[in-house]
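Here chain A shows up in two complexes: once beside chain B, once beside chain C.
What follows is the complex of A and B.
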């Protein structure tokens, strides 16, 4: 009986201090893993992939959405003081989809403060 | 490209256009058969000396000429719907090109990696070399890698235009402020011609589209040369 209890104590549930360390490591490692995932995705980038939110012929919203998402992501991560590399995915996608003249017009509008979207 | 006294479609350069061509052959054959039958019956009725004033009805023939047309319509509808759904499949493009319509030229943008953009004007007739096609040649062609799924996003900078290449089975309206998506695969290397397909002013007939499909290494070489030039 005592032997069984000893066995259960040693080989089953980890003690509290180890549990704490494991959960902290998990939080840190998911952030790092996400950044690594995005890096890997960016390295393998060919062109904007199929986006199920915009399955049809009209891709205007797809371009607009990614442009907004990039600048919102930049603004949010800058405000937190974190590396903005994950935002690069949105940049690659909007650069693939949006006509150069639209991007230039929107960039000028953002500088002037007349950009119609909410960033 | 189109040739003089052409009756049918241009040779297909993409799998979808091949399907459309075969479907058209199938539907046209059915149409010819029905028309021949009707014409025969008309001639036979008109040229006979026999008369029959006493037939009132006939259940059998009524059944036949109801069921048979319904069956023929199904025979046409099934391949038609198959192609419709085939054209609507989700594809995974390797390359995205933007075709922007202007008065009166097209401009192409390849921005997946670097910002490559260039204009494509029709070659004036007096500047054509021997063997080149009048009103179809352009100074810069839209070069694509062969056998790769390509996504083309068509839009316009001023008025309505339409980007069409018949041998690839592609036509998409260019609407200012809107990004219209179409996709195709060039199944063989070659040069494919098209013309603006939406009236857009004085030189609407003089803004052709030329697509050149080449193996991938040549496409990569071409795009680096174009980047150096611009």
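What follows is the complex of A and C.
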């Protein structure tokens, strides 16, 4: 539980929406409440929201960043043996933004061990 | 017996501009032929003609200036402008390669891993041979200035020694770079890192060789008493060129070797 909160602090996360709900300061939040919040977010998901870190027309970095963040989140939460559901936000975003050919190429590279990004 | 009523140099008709143009044509088309049809004859012929043209044209300029007195002060002024404009054009040439380097390194793409140096590239330690190379070129800048002052003072022996030392330092730089190229863990084919590194440093190395050659010609001329303490523009042009080469290296070192590592 605390691990997930720590993870939320460390990793790049869509600033406004989830953090407001997550309220890191409120340690009172239980796993269940958080899971519910994430579920709510994911159910309401239509497409990737505006991310102020990538304000311009070229969204390559946005796609790349979320692809990396999803796989890093998976790796980190798997290592702790915790439910990886929070990671799905990143997956939704990169699936919305990235060209399918890029996702396929990067997935193949990860299989082969030739993926250039740091996961 | 007609004399000119002005201080300018009306050059006698010369075949070298034509042979130079033909050489340029042969070198360029010859290179294309080599790439596509695996034949080097045209390119080699063009290079030979280019070397002959340079030798004969510049020999003629030395004859006109040093032996025939055609390089009056206004003529020398024109030569100064010419050399400055040429060096300026070379500055722009290098500017392009620096642009390419910064374009790729300031916003590294996902293919590189989103980082610079790119994933998988082991860069050269900037504090090893590259730092030595920097010291070598800076020292050569000092020795060429020493040579200039010696020439202006009419000190023949120190002029010859300092000029020779400058050239040796230039050779030492080229030798060290050659070793670095041989030992480098990456090649020109290693993505945009390899391309920017070897094209930028490669053209720089070529300019070091050109500059060393220019200085060597000046050394031969100094030994043969061509230069006077008042009039030695060939040497000054070589020294300007050499300083330019040094400054380009400093930018290369800071940008590619140090910041880019």
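Here, the second predicted complex is superposed on the first by the 88 of 119 C-alpha atoms of A that agree within 3 Å, B and C clash if a C-alpha of one lies under 4 Å from a C-alpha of the other, contacts with A are read in each partner's own complex, and residues count from 1 in each chain.
What we mean here is this: a residue touches a chain if its C-beta (ideal position, glycine included) is under 8 Å from a C-beta of that chain, and two chains touch if they have at least 3 such contacts.
Remember, predicted model here, so these are calculated numbers, not experimental data.
By the document's definition of touching, of the two partners only chain B reaches A:97; chain C does not.
Chain A is touched at more residues by one of its partners, and among chain B and chain C that partner is B. In the superposed pair of complexes, A:60 makes contact with chain B and with chain C alike.
In the superposition on chain A, contact is made by A:118 with chain C only, not with chain B. Put simply, chain A uses residues 60 to touch chain B in one complex and chain C in the other.
Chain A makes touch with chain C in their complex at residues 60-61, 64, 68, 102, 106, 116-118.
Residues 45-50, 55-60, 62-63, 92, 95-101 of chain A are the ones touching chain B in the complex.
Contacts from chain C toward chain A in the complex involve residues 109-115, 118-120. Interface residues of chain B facing chain A in the complex, by the touch rule stated above, are 90-96, 98, 100, 109, 111-112, 115, 117, 151, 153, 155, 157, 172, 177-182.
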